[in-house]
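Look for chain A in each of the two complexes below; its partner is chain B in the first and chain C in the second.
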Partner chain A sequence: MPPRIRGSSCQPQLLLNCIEPVPATSLSSSAALGPLRRPTTSSAPRCSQPFSTTPAPQVTALRRKFKEWCEAKQQLREPQRGQTNYVSQFIPVSESGMTRPDMPFPANKHFRSERVLSEKAREMIWRDVMVNGMPLKAVSAQYSVDMRRVAAVVRMKEIEKKWERENKPLALPYASAVTGMLPLAHLRQGEDPFEPINDIHVHSYTMQQLFVPTSESREFTRADAAKAFGDRILPPDQKMRIPELVQMEKNIHAGMSPQEARDEFVKAASESEKAYAAKQQARLQAAEDRKVRVDSGRFEFRFEKINAEDVGPTGRARRGVGWRYGVPFMDRKRGELKIPTSVE
Partner chain B sequence: MVVKIRLARFGRTNSPFYNIVVAHARTARNSRPLEVIGTYDPIPKKDPYDTTGRLHKDIKLDTTRAKYWIGVGAHPTETVWRLLSMVGILPPKHRPGAPSTTAPKGQANEA
Partner chain C sequence: MTRGYHGEHIKEYQWNRMFNRRSLSAVNMDPSTWPISTAERADTYMQMVFAPMERRLDIAIFRALFASSARQARQFVLHGAVTVNGKKMRHPSYLLNPGDMFQVDPERVMMATGKPKRPTKDQKALPSTSTEEAAESEEADADAEAAAPEAAEGEVDTAAADAAKEKHMETLKQLKTRARKIMSQKDVHMRAKQKKGLRKFLKEVKTAMDSTRKPGDPSIAELDGVEAELTSLLSELSLTPAERKAQAKKDETAQAQSAEGSSLGLLTVKQRAVLSKMIATERTNPHDPSKPYATPWSPRDWMSPFAFIPRYLEVNQRICAAVYLRHPVARAGRSEVPTPFSPTLSQLAFNWYLRRG
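== the complex of A and B ==
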């Protein structure tokens, strides 16, 4: 049975008490509404929340003190541009005084907000790569910015410049507001390195303790160690993003002047990038060679040459072409990833 | 029994996708065929980052097996004939621009 409205709460007097009193100036003739504007009587409870059953927020001592503190702090009312303005800046939490400026939460000293590249730094990276033609690896090593980030900065800058050429509006006020509130890295000389650039992913296979018998006379290198951990484990020299830096340090150690070693490094980096580009180009060319393009007027039909025997003896091999027989297709199953992998 | 080269429709509602199969003529459309020699995606697609708006259709085909099956007397359906004629395995049946053979005589004389 649904809940009933009690008769006593439907009294006209109670309902009228819940309506906010109209200011007298807005009424032209008070005589017509005279009987309705009766003074509130003490017998009826005053209704402060006419349309909501949520209780009004209680003004506690803590809340009052917080409000007073907020009003007393100048920084909270007028945040300064060019710095983070985190609360932790004016709350002493330790005996040594204020916390570091990159700590947003004063009680959580492990949470640090990372620096972002400033507009000038990004422009500098883009200029080095696209105008001066330096290899990505050299730019990454020069500014201590991860190679993937360098590539991303260049891509984003290219889009930005394209939009400028097309007179598309840029959200510059938003960008400046956000960068004004974040810790920035300007990539100047003498500044702390922005991030580690040559980190190596630690494969879980290499986390185990291993005893490999080997003869004393044999030179046991890192490549041998990798082979001992597994057939597919790469030695660290092949896993790092910029292995040319190792050679540069070796050259300096062998007595080469730093400037000369750096030139060698840039040369090697450039060559490795050229080799990578050539490999990509060859891959694309091979894919193109497998194709025959026939233009029918409306559409271009692209015939790709395949091998029908890739399906294997059971017809279920992964490399096989076409919809498979006898196996469910899980594309609509719950929990399957349905994120598109290409944008058109 | 006649061996045909035909299409087997897979995919979903409103998003067809065909296997180009070699199968006996009297077997069901999506039953396991003698061989899958390719696929045909009939939905026209754009190239990524292409601004010209040109559309293309992707077909995968094992031309060697297709030639073999034609050589041993498999009958391609009309659609498969059209596809195979594009890569020169079969002569085209309907040529764009060629005079229509089905047109009535009177119209042909007027033209």
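== the complex of A and C ==
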């Protein structure tokens, strides 16, 4: 009968005590690390609690190297005022040893830290829209800033002004520190365009390869191409966020002076925005007209007319209102997700 | 492996449900270049694997640099510090729609991105008295430097009284900052009585400074009295011999300075600008021990290597609000999803989830 292993020797704590910490020299070649520095404190996993079965954290070679690297790169700790401070300034991104200041991740060359609008640029946009009353489309085209971004800037600037009026404290030290870490766009004359403003979404129907036979004599336009991809595919001229720019380019091509074409564009943009606002207003008004409000002092009841036919032929259509016989009412069921899908 | 960076707090089955093999992309159709060139096709679809993740509220808060991790952002949402379109939102997994504005309580943001109140390990390692002395000597040097051009100018004009007062304010301010420094550095070792004394001192400084700001301003002699009183108080409160020594030095310089100030009675334009700037920063970024972060506020260590704001967000840092403009898209040579992984690795991840998705 072989000698039995004593039960206590199998306990992980005792086993751990037997393990000698690996000397730093054996973990990696010292030449690669340069001057060898022994970790001062926690290299030897001594167990302070003899009854704990949790193994003490081992300092791996990778971890130690990382720590040494961090200690060598102390300028990453504090922000470099007015410029970016990414890791890629130390790591060449191409074979020629070139480094890029705008790449936060050296391995991912497709992601760049893009410029953000400076405080002055935001103020300028807000002034143009709210004080000078320029249409959003015109401001967007003037500064080459996406229309949605222009709207967002104005919306948040309004809140900021409101806070200032209410003497609510703004996060000013935070704002100045963060803008100091990021590349900034001041929207000055002669600067590179901030972002593309004529982006169109790539519809999945248009990603297929297509062979459409046409006669040579026929003019095949973008509109025809869109029709070939599908009945409901719009040509880029209509999909663009600022279609008035196309007309402006056409006018310039036809011989109109650029200044005149621009004035025409601003006029068209203003008109289209007014029409859009009127349409929205009419829609809201129509929705309001469908409601009957009854104020009881404590509550306001709102009644809306419904159509019983909305439940559809099966009685299960999503637009159907109220409880229906045989249709499960999931609202109060346990485990149903009630995370809102939109917030008005 | 890739999930370690992209929403490691989200369960795998949840991500499997979110994953979409059809990435969104956009092309720039610039009408001014239509006749000249065609739009470049987007080609970075493989870097868009985790695009659906970027729609989550907690990750968007992290991307807007309002939190130092997605987990912390998630905690902010759960604790009710986040509003979406002005309404409180308590679901970190809320998927933002284009145009949604989310807003985080500025105090939370300052706490998340500011330096912690407790000094970090390596800061602790430095002996506190030596740092104090160094700071003191630096201050003294600065004072000496400030005094030098004054002596060189040697002109007396009508603004002398004003300048002298400002000088006093400056001294008071320095004393105040010094007391605060003691408060912030020594609070581990200090006794309750000493703390109380210091607090009283700070209050007195404040009243003195307020009284100078009032229109019915007191005379310079009065100010002198207050200053002398405060200085003596502070020297009484000194804790260690080293500090006492530093205090003596400080007093000397202060006296010399005030003497010079009253004899010449002038501040250069540059000095005045510096002083006003200092006062302005003090107003916007004050020392306030009631805050949960180190004050005056300064950004956390190691923050700048990770500071970037992707294009699909528009952030206003002053009110700690951001708008989710659109979904992230792939473009020619650019992808908007921040991922540290190489295209090869992202492709492998895409294939992995494609098999399951």
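Here are some notes:
Please note the rule applied: the second predicted complex is superposed on the first by the 212 of 344 C-alpha atoms of A that agree within 3 Å, B and C clash if a C-alpha of one lies under 4 Å from a C-alpha of the other, contacts with A are read in each partner's own complex, and residues count from 1 in each chain.
The working rule: a contact is a pair of C-beta atoms (placed from the backbone, for glycine too) under 8 Å apart; a residue touches a chain by one contact, two chains touch by 3 or more.
These numbers come from a predicted model, not from an experiment.
Residue contacts after overlaying the shared chain place A:307 against chain B, while chain C stays out of touching range.
Within the superposed three-chain model, A:342 lies in touch with chain B and with chain C [touch as defined at top].
Of the two partner chains placed around the shared chain by superposition, neither chain B nor chain C is touched by A:212. Contacts of A:297 after superposition: chain B is touched, whereas chain C is not reached.
Shared-chain residue A:282: touches no atom of chain B or chain C.
Here chain B and chain C are compared by how many residues of chain A each touches, and C touches more.
Of the two partner chains, chain C is the only one that A:171 touches; chain B does not reach it. Looking at the shared chain after the overlay, A:111 reaches chain C, while chain B stays out of its contact range.
Once the two complexes are overlaid on the shared chain, A:76 sits against chain C while remaining clear of chain B. Judged by the document's definition of touching, chain A residues 342-344 lie at the interface with chain B and also at the interface with chain C.
Interface residues of chain C facing chain A in the complex, by the touch rule stated above, are 22, 24-32, 34, 42, 44, 47, 65, 84-85, 87, 89, 91, 93-95, 97-101, 106, 109-110, 113-114, 284-285, 296-299, 301-311, 314-321, 323, 325-326, 329, 333-343, 345-346. Of all residues in chain A, those touching chain B in their complex are 292, 294, 296-308, 311, 315, 320-323, 325-326, 342-344. For chain B in complex with chain A, the touching residues are 8, 10-11, 17, 19-20, 32, 35-39, 44-46, 48, 54-63, 65, 83, 86-87, 96.
Against chain C, the residues of chain A that register as touching in their complex are 76-80, 84-87, 104-105, 107-114, 116-117, 119, 122, 146, 148-149, 152-153, 155-157, 159-160, 163, 169-175, 177-179, 181-182, 195-196, 198-202, 204, 236, 240, 245-246, 248-249, 339-344.
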